[in-house]
Amino acid sequence: MSKTFRLVISCPDRVGIVAAVSQYLNERNGSIVEANHHTDPEQKWFFMRHVIDAETMSVDIDTFRKEFSEIASKFEMDWFINSSEEKPKVMLMATKESHCLNDLLHRWHTGELQCDIVGVIANHEDLRSMVEWYNIPYHCINVPKDDKMPAFQAIEKAIDESGADTIVLARYMQIFPEYLCEKYRHRVINIHHSFLPSFIGAKPYHQAAVRGVKLIGATCHYVTADLDAGPIIEQDVIRVRHSHSATDMVRLGKDIEKLVLSRGLRYHIEDRVLVHGNKTVVFAQ
Amino acid sequence: MSKTFRLVISCPDRVGIVAAVSQYLNERNGSIVEANHHTDPEQKWFFMRHVIDAETMSVDIDTFRKEFSEIASKFEMDWFINSSEEKPKVMLMATKESHCLNDLLHRWHTGELQCDIVGVIANHEDLRSMVEWYNIPYHCINVPKDDKMPAFQAIEKAIDESGADTIVLARYMQIFPEYLCEKYRHRVINIHHSFLPSFIGAKPYHQAAVRGVKLIGATCHYVTADLDAGPIIEQDVIRVRHSHSATDMVRLGKDIEKLVLSRGLRYHIEDRVLVHGNKTVVFAQ
Amino acid sequence: MSKTFRLVISCPDRVGIVAAVSQYLNERNGSIVEANHHTDPEQKWFFMRHVIDAETMSVDIDTFRKEFSEIASKFEMDWFINSSEEKPKVMLMATKESHCLNDLLHRWHTGELQCDIVGVIANHEDLRSMVEWYNIPYHCINVPKDDKMPAFQAIEKAIDESGADTIVLARYMQIFPEYLCEKYRHRVINIHHSFLPSFIGAKPYHQAAVRGVKLIGATCHYVTADLDAGPIIEQDVIRVRHSHSATDMVRLGKDIEKLVLSRGLRYHIEDRVLVHGNKTVVFAQ
Amino acid sequence: MSKTFRLVISCPDRVGIVAAVSQYLNERNGSIVEANHHTDPEQKWFFMRHVIDAETMSVDIDTFRKEFSEIASKFEMDWFINSSEEKPKVMLMATKESHCLNDLLHRWHTGELQCDIVGVIANHEDLRSMVEWYNIPYHCINVPKDDKMPAFQAIEKAIDESGADTIVLARYMQIFPEYLCEKYRHRVINIHHSFLPSFIGAKPYHQAAVRGVKLIGATCHYVTADLDAGPIIEQDVIRVRHSHSATDMVRLGKDIEKLVLSRGLRYHIEDRVLVHGNKTVVFAQ
């Protein structure tokens, strides 16, 4: 796969945005590999993502950034451009459950996820051996019940030292403090093991078993200070029957959690997710 | 299809139930066409449904009822036997939206639903012509905002005079009064246009659009006095994207509502649904 | 919903297409409501669909057609522009099975399908009463086994006199002659009751039951002279179990046939389907 | 989980089978945890699976086998009884692709698959390190193009020495010779990367891309001498669009392959799959 640029834009909707952007690209000979547009008619907001063949462009990414900022300011754009050669840096976090972690590490190892995994932070030692097989640094940071703040400061330090731009809570069973939710806004991805907004909080499969639902699900979302209420990136469900106990649901649900989290992370690192208010635009392939 | 009996049993779980029932059937030469069992290990409760080829039985249904009551009382069974020749009588209820009503009427008309539709009760005239094409009585009973009780008494009368044993709220936009929920316990089937327990109450698709969920759904459940909280019979979902407005969700959701309601009703009239507490055992084919 | 134009383009891929189109629209003040792009890197072919708010355009559709043809010829475009006010004219065809016909008629009647149904052609009288309830002309044209050509000439005449631009085979159980497939190329939509390319030809559910598959499906495709091998528009499946006979599969399959055909037709009449070679680009919402 | 017996029976259908079996179990005080029945009305064949709480039985498994053989021969049963304490022994086979192997090993490692993995046979060295992390013997047996028989004899020897009763081809890219298909009849499980019977043979995703299907799938089946035509255990599909190349389909398909193979294997090792002719009865939970 050759080098590409990803240009991602959101701005108030008005006539002329596409013309201005495509004219700019055309004048620099940019060949568009993939293009997505969305207009939200209620919010009157416009969203756009382009993948451009970098080899065809007559300017480099720094010149692009300089030149394009003029168009961007004219249209009040919230925008960025990324190169496929600068891979996102991802920090994974987990507790003891290994299914999501194993799934993400395997996808990364086989080249399916275009990112660097810069480390794993866990509050237990259980997953160290698995992680170290992949030659990835393992940070075990215990989070004591009665005094969590020093632990989260250590976590913050580990994240910042790693240079991670994305943090994935791969069944990390601790609630992120509000100040970290804000510091890493729209950069912390969680997998919740229910079809939100059903069954917020603890033990969602047990809640599902008690309610007698016929489908269980999982939700990948950005973490905000409001528990399990952040912008949803991806969801999916699986059918259950009366013959499935809460324990069976835990087992069946793992398959959905893995799929939903890996899809959500993939969308995120490929710059396919644009957040607006508490909702996402996801330009899936 | 030849005549069959449906024997449906639930009782406290203990050793010997299946032996007693199957020995009884064997001694009367009953050929079992379909058999389903479920043991709930937490509730220690047992559920069983048999479909028996009636032609092979050496006794008729009345004799069966008399003889079997001895076994039933020994095992403290909640039980009944139905003949495929005595079709359930179903009263449909609707408001103005026609998609569920049209779907159910067409399935019934083409022989897919083994029941008699004894009438349609609506609080508007809009659907009369469609219903009368099927030669089904149409009862228009207006439900005034400020005095609903006389209307519900008229509805009750229409139901009772029709001999209906099952009432289907096919997008009927009125809340059933508590006394009718109790009178027709586990006999009133509703379709709610969300994946319960998400988005209880009014305008669930608009709630879904605001929350930014990536799947919308529908739920078929027995009506209880507790709004949208009765035992769930069937659920399903469909994928939505950022490009779908609340209006699009209303349209897409209709397909799921129709499917879920028709499946739920089919299970009900084929005696496949056993309610225990606030949950169902559904012996789907 | 206000008046819109749908501009649909496919052409050899090269730099500058989007710039030229968007500049043209921008200069005429056209507000883009929906935009989809696709580049096929293997075929080096480009596909584009715009929905434009007609009220914002400074030119009418005829002027647009004249002006735009210059850009079109420069880029060797295969293209057209349609107005939402000129509804597609659809002729439905059926035999005796009513499920797809009832489904399409109901969707049309409730405003879900933005087209005119100009008539129903059937080779039996069974469905006349249903169709006439909708005040739609019913043409019963018998197709005798030993001499089909006169029948198909009568069908052709009925289609052409109706002004239909789209023909939908809603479980029409006759094979279209080659000359009609060619005359109405990419305008005849069929629903095949299997997940193609599995189970081509007759009695696909019985073939599926014999093979013991665990999912059955349906395929909506354009009819070509090559039986069940035309470009696929839409497909879906439903789960089956060992307990489902071929007869059960016929029943379950109907739900999928209805959904798949109605989705496929919707995509077609909204100009969302672009055919290239034997494949489709479907710009679903 | 306490110790259970799994009693699995298939035989010609006639009155009295269930009565005889349940009476036998009742007389030995056997508490039935799970029971499934299926009658194939066309084949006039009966299928039954019981899970019995071993602690409640007044006889041990050897006595059961002796005593029950009398009933079995009376009804011409094909039958067996297994104890949950005697885990199935599974040999995995792979080539270079790791997704199915990683998935199965992780499920086994976390206790989700109730079996012993007795080894991995591969025709390349690529997967050795992953397998050895799990402390599982890795047999690299090269299969030269021009003389495969010695390799398959070595494979046969490795299987037999391991005591494996089940062989799983987890994307093993060699065709099993006919004599091994027969020797291990209904014991070799393959995952084929298409929704069979579509796209038999090599490069099914490329075949799917050429045909332009809108869903791709995977099929778990027992291997027979007839390529990709053995009894199907499980299938599933995932949606694809025009924007997905064959390479994308390969990636998306992996998720379905993993799910379908792991479900199929789970059904097999829990004795939930009964083969009759070229079809399966799958008593899924």
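By written order: A, B, C and D. Residues from 1 in each chain.
What we mean here is this: contacts are C-beta pairs under 8 Å (C-beta built on N, C-alpha and C of every residue); 3 or more make two chains touch, one makes a residue touch a chain.
Predicted, not measured: the structure shown is a model, and the values here were computed from it.
Visitor: Between chain pairs A-D and C-D, which one is joined by a greater number of C-beta pairs in contact?
Guide: More contacting C-beta pairs are found at C-D.
Visitor: Indicate the whole-number Å distance between the mean C-alpha point of chain C and the mean C-alpha point of chain D.
Guide: 41
Visitor: How many angstrom lie between the CA centroids of chain A and chain D, rounded to a whole number?
Guide: Roughly 36 Å, centre to centre.
Visitor: Counting only residues that touch at least 2 other chains, which ones in chain C make the list?
Guide: Those would be 34, 41, 241, 243.
Visitor: How is the touch graph of the chains shaped: line, ring, star, complete or other?
Guide: Contact pattern: complete, every chain touching every other.
Visitor: If you look only at chain A, which of its residues touch chain C in the complex?
Guide: Interface residues on chain A, with respect to chain C: 15-16, 18-19, 22-23, 25-26, 29-37, 39, 41, 56.
Visitor: Can you name the residues of chain B that touch chain A in the complex?
Guide: Checking each residue of chain B against chain A gives 38, 40-42, 195-199, 211-215, 217, 231-237, 241-243, 245, 278-282, 284.
Visitor: What residues on chain C touch chain B, complex-wise?
Guide: Residue positions touching the partner: 34, 98-99, 102, 106, 110, 112, 129-130, 133, 241, 243-244, 248, 251, 255, 259, 285.
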